[in-house]
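In what follows, structures are represented as structure tokens.
Both complexes below contain chain A, partnered by chain B and then by chain C.
Moving on to the complex of A and B:
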């Protein structure tokens, strides 16, 4: 194809992590479809969502990996952290247990991603103010202590959902601009100009979307 | 006359020269602009001819005609010399002319002290001279070229030189000789830098001696030159040569030669500079030429034409955008990615690589019987992953058979995976194909482009969902299964293998059916040959699809192997 079918210049890999039932899939659905999914089934392993956004005039495709929160999938989902440019760590402001587990999720995120991965803490279900179990100040302090970006959001109302995804992308883009994120690094989680570049893994280089020719 | 004073005078003269030279450049720019405004072809004339020779010629004749008497010639000389000083941008020529002037001054005001002469000349030139300078400047400005200016000035000076000298040559010979000696010193000092004359002092001493010795011959020469003088300007040129020849110093001759060469070089430099100024921000003078061309051609671009062009451009862009979107709708790779086929493939690959690493680690840590029994099982599983050549012994499954087959194989994996998504795609595709075939039989026109689009979309979606199925199966198999309920890995491998065959066969069925539809549609097409690329593309992407599915299947092997290992470990 002459012009190249892509209308974006970067792909950022995001991963959404957190306890079961905090609303990870709903946040993703709200972000990609701008709709609230009331009866969301349990995620098996990992599901995907994509959306093209614009940061500083650059079109960026967000490839979002929405992981299963169930403990039994933990071993499998740990395999998917690798190569994430951004990690959205979600807890439920109405359930303190989901907040208490954050340190465990943060350990995984730190250990299984690269040092430049932007970690964004999201306190979901901010619309349920009456049932609040975790204060904003408390979570904000936790975020500051661990160098995380933080917002309270609502997948139901859509409040702050865009901001959380976009702020993460802006931070990643800033890291690219100031050179702290090396695009050539194997697991940067960022792919540049997919029409010319390639996916980092050797198998998929053969299976480029742009590949029109016979692979046999 | 001290040499330092002289140098100071020269420096100031040179500064003046540079100043005026810049002014002249500015003037030229203005002239070019005004010429452009008036729409005359002056600019092109300048570009094409460069420093125009006819102008130079005119100037020369002008100045020559003015030299009707010796007195007039002297005045002209002054003017011209002023012009020279003023217009020279190169030191060599500037200084040289200064020298000549000095010499002439000396001969003119023989009885005055040389210092006074120079100061008078530099600071308070006669009014008439100034006026003449202005006149000359005006004339030159009309000719619109620095190089022209310089050329005319230079030629006049060379022409007038001899006459001025000759007119005063009859004055006291001793005085002249003294002054000439001084002039020579000045000349040598000035030229030494550029001309590279060695040991200037020595040469000057020598020259002075020569001058003393040749006094007599000088007198004779003077008389002879005087006779020749009034006839024409050209004879004055001969006078120059005669004067130098009289000294019999070859060094001076070479200096003169070099001076002339230097002067020509300077002119060339000025000419080039002029062209540079004209071409500044206008390489090749394209803009200026174009402008003049347009002016002469009249109004070329009108509003309606501009609007029509803009409209055509917009239409073209719209069409391109539309085509691009159309292409995207029928682009297998893009659609495969859109259905998250790539993401699932990548995730499956991550699981596969990790499992592969684990298998290698475990194998490395085992030994003896454990290793042997494990190896046997792993090889069995590997054998089960070998697919028969699907294309050859392909049993074409009917719609129902396919659904039945994939349901059976998925359930036999006993991981709780359902074939709903695959079933849905398959049903949708076959419904569409049935309708399309019916339409074509009833001679209703179907666009081959649309059939192709649906074909590619179906293939991409089926492929993506197949890979998702393998990915999900792998994830579920990796979960800790409830003991006793799990199937043997070898049985799962067999089921997966059959599933793969069924999927690949379905891809083949679909591509054949879409191909048939395209073939029939070609009969109703104005240009049947345009359908061929569509058919080729469908079969090509079908083969791509089958490859993706088989690749994904192979990625499950290490996952099943690690599951087998863990099962065996659990037994022990």
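Moving on to the complex of A and C:
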């Protein structure tokens, strides 16, 4: 009997950032629950969700930290960028101001994560075409100039939501494969890598419990 | 049958040894709870003691991992130094403590997931209580290194504003992490303790500030405006209130300590103003106090939960305004010479004979006072107490003007009635008091 969904090989930590009301929590909800959450309350501080996905035959657990967009939480949410493997930066295609703030979010993301962190730009609310305030081409150009991956998505219809999360994971996985991500480093690091189910168990011992202990 | 039972026990024993060994290996940053381990834990449910031991073993391994991870995050940072070690920001108290708290929050969430993964199949034995107990154990190891660091920050006297923000931050995380752990987890107790300490340090810093104010009270400046120390204190209050405003703590909790902050700052300030005003004459004192309280009022008015205080301050301003108004009215009356006449009339009794025959009340004297009063009527601003120009609020200045002229015209009315009263023996009284009270009222309004 299989032990359910717990045999994943990697954990990737994501963070979702962007202005208030762009739909960060709704994107997360759509991704983890496959449902649209109307009347979503403002996020208080930071919340999180998980889902296990598969990339190139590997089970990967995404641990996603959804941050509050309100300015008053900035000081708190900044502390969550540490060790994120992926950052989803969200704006609302019907509100230009949320797009204009992207450079400030990007600065935070670049300063507070490590250079290998995959940053994915999401233009949310693509279902509201009639109210569009930011063109696809414009955002695409911004993404290209800054080396970001980019999609327009809709947390309401679910359109492209899955792709955004999965594309990010694929990119991270690719970075691991080509060695640009160092998995053996200490700290919460880039991401956790549980010893894979595929390899023989003894590999588990590659990291001896150290007696570094607590020096306080 | 007996040997079957024996075999079974041996099997459980072996399973337990194996599980124990597996759990011990789970002390690295990364955890994989293998399907096999999940099944083993499930099977061990039938032997509650062995089951419990296995979970304890897991807890101990994870506890070690969490402590090591925390210390690494503090001192080493990530691969190649990014993210940078948390301690690198120890000069910035909010960032330093905030990063530690966020780390603890994330670690608590991850550990809970690991544990839930482990006991996923063991539905009979693993109750919420037991999970909370193990989780409490896992997160206990980091308490000491965390607490020591926060205490270091708090005692380094970062100033009331930072202390206040730290207290709010700690409160926020006590709530946030509290949603993951059981209520008696040591980590939560630790958070509650450091929160309380930070709050105590904050109020101590405010009190120390107040004490310094009282130690050397400044004299009121020549323009009767707010003193420098008042302005500084209000700037401090403004900063605290502003960070209160943006604080991450829910509304009702904020309201709670708001009253305390206000009284910590305002009460000593009011006291200081009163002491510093004590040697002034009534008019100066009134204007000075109104200016000071007005400054406090304008500071508070911008923030929430200050209504009660504002009302109290308004009451105090009102009391001082009464003094200023009556000072201004008597200033006019005495400059025009009417106040003397007024008090004679007030004290006059019938048996002393008609007013006109009393010393100092003859028609000539009264007429000359009235002519002075008339020139005041032609330019009422000429008789404004110099102090009134120092009253900073223009609307209060208008109030004083309005109410003091009302007093003056009421006094004139009183004189007019007395002098035009035939029993007081003035011949041609209308040549003495040329204007009717109504005319005076109109001229002054």
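Descriptive notes on the structure:
One rule holds for everything that comes next: the second predicted complex is superposed on the first by the 179 of 216 C-alpha atoms of A that agree within 3 Å, B and C clash if a C-alpha of one lies under 4 Å from a C-alpha of the other, contacts with A are read in each partner's own complex, and residues count from 1 in each chain.
Here, contacts are C-beta pairs under 8 Å (C-beta built on N, C-alpha and C of every residue); 3 or more make two chains touch, one makes a residue touch a chain.
Quick caveat, the model's predicted, so the values are computed rather than measured.
Look at A:11: by the touch rule set out above, it reaches chain C but stays clear of chain B. Chain A is touched at more residues by one of its partners, and among chain B and chain C that partner is C. In the superposition on chain A, contact of A:65 is made with both chain B and chain C. Looking at the shared chain after the overlay, A:94 reaches neither chain B nor chain C.
By the touch criterion defined above, A:112 reaches chain C but does not reach chain B.
By the touch criterion defined above, A:73 lies against chain B and chain C together after alignment on the C-alpha atoms of chain A. Once the two complexes are laid over each other on the shared chain, residue contacts for A:45 go to chain B and to chain C alike.
Comparing the two complexes, residues 1, 3, 44-46, 48, 50, 63, 65, 72-73, 75-76, 79-80, 82, 201, 204, 207, 209-210, 212, 214-216 of chain A contact chain B in one case and chain C in the other. Put simply, chain A touches chain C in their complex at residues 1-4, 6-9, 11, 44-46, 48, 50, 63, 65, 71-73, 75-76, 78-83, 112-115, 182, 185-190, 192-197, 201, 204-207, 209-210, 212-216. Interface residues of chain A facing chain B in the complex, by the touch rule stated above, are 1, 3, 5, 44-46, 48, 50, 63, 65, 72-73, 75-76, 79-80, 82, 199, 201, 203-204, 207-212, 214-216.
Those residues of chain C that touch chain A in the shared complex are 24-25, 27-36, 38-39, 61, 64-65, 67-69, 71-73, 76-80, 82-83, 94-95, 98-99, 101-103, 105-107, 109-110, 113, 117, 120-121, 141-142, 144-145, 148-149, 169, 172, 176, 246-248, 250.
By the touch criterion given at the top, residues 324, 327-328, 331-334, 336-338, 340, 342-347, 349-351, 354, 471-472, 475-476, 478-480, 540, 543-544, 547-548, 551, 555 of chain B touch chain A in their complex.
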